[in-house]
Amino acid sequence: MTTSQLPDSPQNSGLWQPNRQLSKSMELLAKIVFGAFGLVSIATTIGIVLTLIFETFLFFQEVPIWNFLTDTQWTPLFTNSQYGIIVLISATFLTSFIALIVAMPMGILAAVCLSEYAPSGLRKWLKPALEILAGVPTVVFGYFALFFVSPILETFVPGLRPFNGLSAGIVLGIAILPTIASLSEDAIYAVPQSLRQGSYALGATKRETVTNVVLPAALSGIVASFILGIARAVGETMIVTIAAGQNPRLTLDPRVPIQTMTSFIVQVAKGDAPTGSIEFITIFAVGMTLFLITLVLNAFSFWFVGRFREKYE
Amino acid sequence: MQTNPSTAVGAGTTFHVAQANYYYGSFLAVSNVNLDIPERKITAFIGPSGCGKSTVLRCFNRLNDLIPGAHVEGTIQYRGVDLYDKSVDATELRRRIGMVFQKPNPFPKSIYENIAFGARINGYKGDMDELVERSLRKAALWEEVKDKLKESGLSISGGQQQRLCIARAIAIEPEVLLMDEPCSALDPISTLRVEDLMHELKEQFTIVIVTHNMQQASRVSDMTAFYNAQATEKGGKQGYLVEYAPTQTIFNNPAQQATQDYVSGRFG
Amino acid sequence: MQTNPSTAVGAGTTFHVAQANYYYGSFLAVSNVNLDIPERKITAFIGPSGCGKSTVLRCFNRLNDLIPGAHVEGTIQYRGVDLYDKSVDATELRRRIGMVFQKPNPFPKSIYENIAFGARINGYKGDMDELVERSLRKAALWEEVKDKLKESGLSISGGQQQRLCIARAIAIEPEVLLMDEPCSALDPISTLRVEDLMHELKEQFTIVIVTHNMQQASRVSDMTAFYNAQATEKGGKQGYLVEYAPTQTIFNNPAQQATQDYVSGRFG
Amino acid sequence: MTATDPNAFSQSSSAEQHFSSDLSGRYRLDNIFRIASWVATVTALVVLAFLLIDVLIDGIPRLDWQFITSFPSRSAERAGILAPLVGTIWLLFVTALFAFPIGVGAGIFLEEFAGDNLFARILEVNIGNLAAVPSIIYGLLGLAVFVRVFLPITGGRTVFSAGLTLALLILPVIIVATREALRAVPSSLRQAGMALGATRWQTVREHVLPQAFPGILTGTILALSRAIGETAPLIVIGAQTFVPFVPSFRGTGFSALPIQIFNWVGRPQAEFHVNAAAGIIVLMIVLVAMNATAIYLRNRFQAEKM
Amino acid sequence: AGGGTDTSTEAPEGETAEAPAEGGGDLSGSIAIDGSSTVFPVSEAMAEEFMAANPGTQVTVGTSGTGGGFEKFCNGETQVSNASRIIEADEIAACEEAGIEFIEIPIAQDALTVVVNPENDWAECMTIEQLSTMWAPEAQDTVTNWNQVDPSFPDAPLALYGPGTDSGTFDYFTDVVNGEEGASRGDYTSSEDDNVIVQGVVGDPNAIGYFGYAFFEANSDSLKAVQIDGGEGCVSPSVETVLDGSYTPFSRPLFIYVSAAALEEPHVRGFVDFYLDAANASLVEEVGYVPLGDELTPLVQARVENGTTGSAFADAPEEASIPEILAQ
């Protein structure tokens, strides 16, 4: 790029010696470096697809894709192998759905509490405490679900088994709650004070202000936090592995043991099946399915956010 | 009801302010304000930047409640009732005392919803479409936005946004309208429309307006309060009420030299 | 250099705009603008809200580049150089063409830093403290903030913030100053100071100011451009330049009826 | 709160016939909402407290200097947590070192430089998608790429490889958080900076980024908190359960706290379960220390708000 | 004790009660072990004591599963692979392709233990047939009551607990009970974590479950082991019954696979010798498994001595006993 064509101006004294070339190059450098950083995520995806695709291909040579999609049993490790992925998908949906039912309202409410109700001194402490919850090892959550939540639920949910989708889902919800609460809180906190004042000045109560003005203004950030939360719920492994049981079955009954996609993957990956065996490569097919499902979910939510995003500048 | 009859003022007074001090935390922002704002008149607050006009105004609908540490000492009464009395409900108060802000702050919702929101939460019983149209017409905005009521309140220009905020405020039919430099983002034609509107509203409502525009003050207001600020020892600035009198007096025959100095720096 | 000598205009012209159309995406916001903004004069843009004054102004320092989809057709030259030519560096351009915005937007940093930032990135070699003081003095703000230079630019009142933004803009000694309703948040005394400042700066700089205040336009400007907007079939509003002439002419003897109508609605 | 009296004012307005707001009903809803929001917050904290207390009761008696400074052992009393503790600290360090700049940089690129084109959209969907990929698949990826392909750089099954894998794992969270934080900064700030002749990058660096920093830190804390508790990908990468020495950056043989904890939990002998509880306490302490640092930074930066 | 050929591994026996056998060695080098988490405790114990005896050595042990262990092993990334099952044909092929020859070394035995709640007073001793009635694939959804297993059992609902389907324990149990690896009903409560199965059986008087002996031993006060009638009367699981061969058919060998090339390095050889040293058998018992015993140990040591590569177990006929296989 040539130097500026702008004519010299009379008052341009020697006091001003901007190094435009340098700042331009810095900007270009930042752009290139950060663009490359962005590409890391693309490279990761490509890497994941490459990691999965080969074995998935092998898998579908052994197992017809039709069976994969239509069987209603999932017994790849049994002698009478059947590969009905719908069994694992339904379990993943069930636990994630329960988790979201818990985490979405609680997450938003907690975020509102932190940013609108808690005194700022308390907020300083509450928020980090919540975030610590995000760091509790998921193994601990798993045992919490199994040994604490399930027995409590048993007392008033008839027919609840020790392993079940319900307690796993609830605890999964608690595990993703900090993600939702913390990121939503940031979004809510960023809503300009002038909007709140505008609402109060109309005679709105605090709740009316929050639900009608503040939350819609923060919607973009809230939905982003939901997406991360959902993503984590779908991909979370240890809680469902420990607490939901390992029984693949096609059911939407949250009271019985089920097996999610992730829990199947971890079971096989850490188990004794030989790598390369049909049992083992099954996890790649499952992983690929999970990947595709989340892709669809994300494309949908991307579209959704795009429709409802509001700028309040 | 705790209202002390002896401090209650005549029906002609909307706000009665006596020996009021306005604080932000320990910082005394405005001191010793004494005012009686007459009903169904327009009262203008003028004064240099930072002298506390907005502060005094915001206390009339207790919007200062929202600022941590902000508090008032002294007497502020609305129609004979102590505004800061426990029995006074701030929400109901704000329904009756509308406000328009210095910076336009439409909600990030549709234009329609911006207006309907206040009506809905306040239990409006009439035809909402009709209310929205009427309010927008009053704010001289209807023609410009009637085809895009579903679009975001943020998609229009700054001047339009401010008129939307005015429409929003008058939609809930307040008794008093507080306006903090409502026209600073408006062009003259819109400004004139708003001023006409103020004259119209004045038949029914009390209006208090903060303005930097001396012409506007002299044109629209019946009463004018002139505030000034002086430096304190601590290096801060402390606002105070210099003079409060009929607008005629303030502009033509003020009692204070400071007022004279200020208004004579006026335009035109 | 690609400058075509035939389109180059005299040394007396800072901006030469010919048959310019301003778009936001596919929306034609302002059409067919022809202007020659004279050097070392003050040119005022007036017109109703939404007619595109800010849009035209923002193109002079190519700030529209930041809005996705915003683009211009036609000729816009700065001192004979096509502003949108590839060889023009927008960053350097913006250093030479300062801007003050409608809403005060100080950086959330100290007052000192607000001023020093521009100087620093533009390689200022002189005494920074001295520059900060000089700029704040010029903006009539020094006395008010000299004891709290370390405090946040957001901790001061709206009017003070706007003057800080003006100080920030003039600190980097631009050749041109674009002002988008710089005084809409200022009180009259500050406004007068800023106007005095403009008169002072005019000795050296070209100034373009958008204002809603007709008095201000007639008081400060040498040239005035009046914009208006008409409804399009699609329900939108399209701005256009109605008349551009010496301020005297615009206010006393305009060529267009629309101009006459607009300025006769003026105050006072 | 005393009962409010909506009729404290004289009725004069014509508005009364048009508006009939049920104030006490609205306040009731307000109260329900406020209480619900507190309940949500407190519930989450009670769960946390419960988990902590439960773990503390089990683990505190075991938590002593010997436990911190010993290597694993077949005997629960002699076993200690030094190797996995050092491994976890290493991992955090490596993960943050790579994930923070890359995540923030990618977030800046997407929000400030990329504009709204197909590439940016693909990137955005892609990032959201990555956040949902189960961690064990990242393990498989890390094994293939960092352990095997990049063997000469990473040294194979090392802290370095594992840290890089975890960095990939948490990258999406940091990117999303960075973007949201940047988006919340008013664009008037960008305009102000650029109108002074600053490049976009200068403006972002000096004004936008500092404003967005608290949000970015929140995202990073959340992400690192997730990384610190991961087990599955580390095992796939080749984290060891029995490491009787202090692991080094590029030396093979490292462990991490969750792996040691998981192993102890799965042992038949109850004494190991006590060790697991003590290990969890150590993990939580690391977590709290990390959070405290980030929170300190965040509160410092959040002081100034538009 | 059969020490290695390396002079360095010659050491006086039994230094302390704590650290049995061999010590003060001056071997150096590092050994990477990975594989089954079932075998992990044994390798961990061996590694710990071996390192105490040879301060110059560094041994790490991982738990990425038998399959994951072999993958790394055949990729040349580990020298020793822990396995709770015999290496499979695919894995042998993978090793072969990578040019990795291995020696298969049984190092301990596990007694697969069937447990019931202590309140259960009817299932004292069970036959393989009875277990098969319970666990066969056909039993799914049909055998739901104890008295369906045996009319003498009470009319009580049957609650089944078992390990995860991808474990060597599951494979072994299904093989023995139902005649085929992986042949099992699916409607039982399964968990990767055997402690959870323990919890399940402890909390339910009608429960029955199975897992490795170590988990029973650690919980013997709250669980009851079912005696197994393999055709020669009822036998309780214990170190003795496994060692004397009477606890059949539920005793199974655990393995390490050692790279033949690595075995030529003195410190790896030293480690394997240490592993097989009869004086260190107490370590195996300490972590809840059954040592090889006097009969098997020399056979295994001989394999190491001779450098016999390949898998004897994989080639062996179904019904061959461990000594028979090793003697080949």
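To keep things simple, chains are lettered A, B, C, D and E as they appear, and every chain counts its residues starting from 1.
In this text, a residue touches a chain if its C-beta (ideal position, glycine included) is under 8 Å from a C-beta of that chain, and two chains touch if they have at least 3 such contacts.
Note that the structure is predicted; figures quoted are calculated from it, not measured.
*Asks:* What chains touch subunit A and also subunit B?
*Replies:* Shared contacts of subunit A and subunit B: C, D.
*Asks:* Which chains lie in contact with each of subunit A and subunit D?
*Replies:* The shared contacts of subunit A and subunit D, listed by label, come to B, C, E.
*Asks:* Count the smallest number of chain-to-chain hops linking subunit B with subunit E, moving only between touching chains.
*Replies:* Graph distance in the chain contact network comes out at 2.
*Asks:* Where the centre means the average of the CA atoms, what chain is farthest from subunit B?
*Replies:* Between subunit B and the rest, the longest centre separation is with E.
*Asks:* Any idea what the CA-fit rotation angle from subunit B to subunit C is, to the nearest 5 degrees?
*Replies:* Subunit B sits rotated relative to subunit C by 180 degrees.
*Asks:* What chain pair shows the greatest number of contacts?
*Replies:* A-D
*Asks:* I'd like to verify one number: the distance from the centre of subunit C to the centre of subunit E, where each centre is the average of its C-alpha atoms, in whole angstrom.
*Replies:* 83
*Asks:* With chain centres defined as C-alpha means, what is the inter-centre distance between subunit B and subunit C in Å?
*Replies:* 30
*Asks:* Centre to centre, by mean C-alpha position, how many angstrom separate subunit C and subunit D?
*Replies:* A distance of 45 Å separates the two centres.
*Asks:* For subunit A and subunit C, what's the span in angstrom between their mean Cα positions?
*Replies:* Distance between chain centres, rounded to whole Å: 46 Å.
*Asks:* Residues of subunit B that contact two or more other chains, please.
*Replies:* Residue numbers touching two or more other chains: 91-93, 95-96, 103, 121-122, 172.
*Asks:* Send over the residues of subunit E in touch with two or more other chains.
*Replies:* Touching at least two other chains: 37, 63-64, 68, 193.
*Asks:* I need the residues of subunit A touching at least two other chains; which ones are they?
*Replies:* Correct list: 18, 23-24, 192, 203, 205, 208, 266, 269-270, 313.
*Asks:* According to the definition already given, which pairs of chains are in contact?
*Replies:* Applying the touch rule to all chain pairs gives A-B, A-C, A-D, A-E, B-C, B-D, C-D, D-E.
*Asks:* Any idea which subunit A residues touch subunit D in the complex?
*Replies:* Residues of subunit A touching subunit D: 18, 23-24, 26-27, 30-31, 33-35, 37-38, 40-42, 44-45, 47-48, 50-52, 105-107, 109-110, 112-114, 116-118, 124, 126-141, 143-144, 148, 174, 177-179, 181-183, 186-187, 190, 192, 203, 205-208, 210-211, 220-221, 224, 227-228, 230-232, 234-238, 261-262, 265-266, 269-270, 287, 290-291, 294-295, 297-299, 301-302, 313.
*Asks:* For a test of understanding, state which residues of subunit B touch subunit C in their complex under the given definition.
*Replies:* Going by the criterion above, the answer is residues 46-50, 102-103, 144, 147-148, 156-160, 163, 181, 184-192, 212-216, 219, 235, 237, 262, 265-268.
*Asks:* Taking the touch rule as given, give the residues of subunit C at its contact with subunit A in the complex, in rising order.
*Replies:* Listed in rising order, the residues are 1-3, 78-81, 85, 87-89, 91-93, 95-96, 121-126, 172-173, 175, 204.
*Asks:* For the complex, give me every residue of subunit C touching subunit D.
*Replies:* 61, 63, 66, 68, 91-96, 98-99, 101, 103, 105-109, 117-118, 121-122, 152, 154, 165, 168-169, 172
*Asks:* Contact residues on subunit A for subunit E in the complex?
*Replies:* Checking each residue of subunit A against subunit E gives 75, 77-80, 146-147, 161-163, 241-242, 245-249, 257, 266-277, 279-280.
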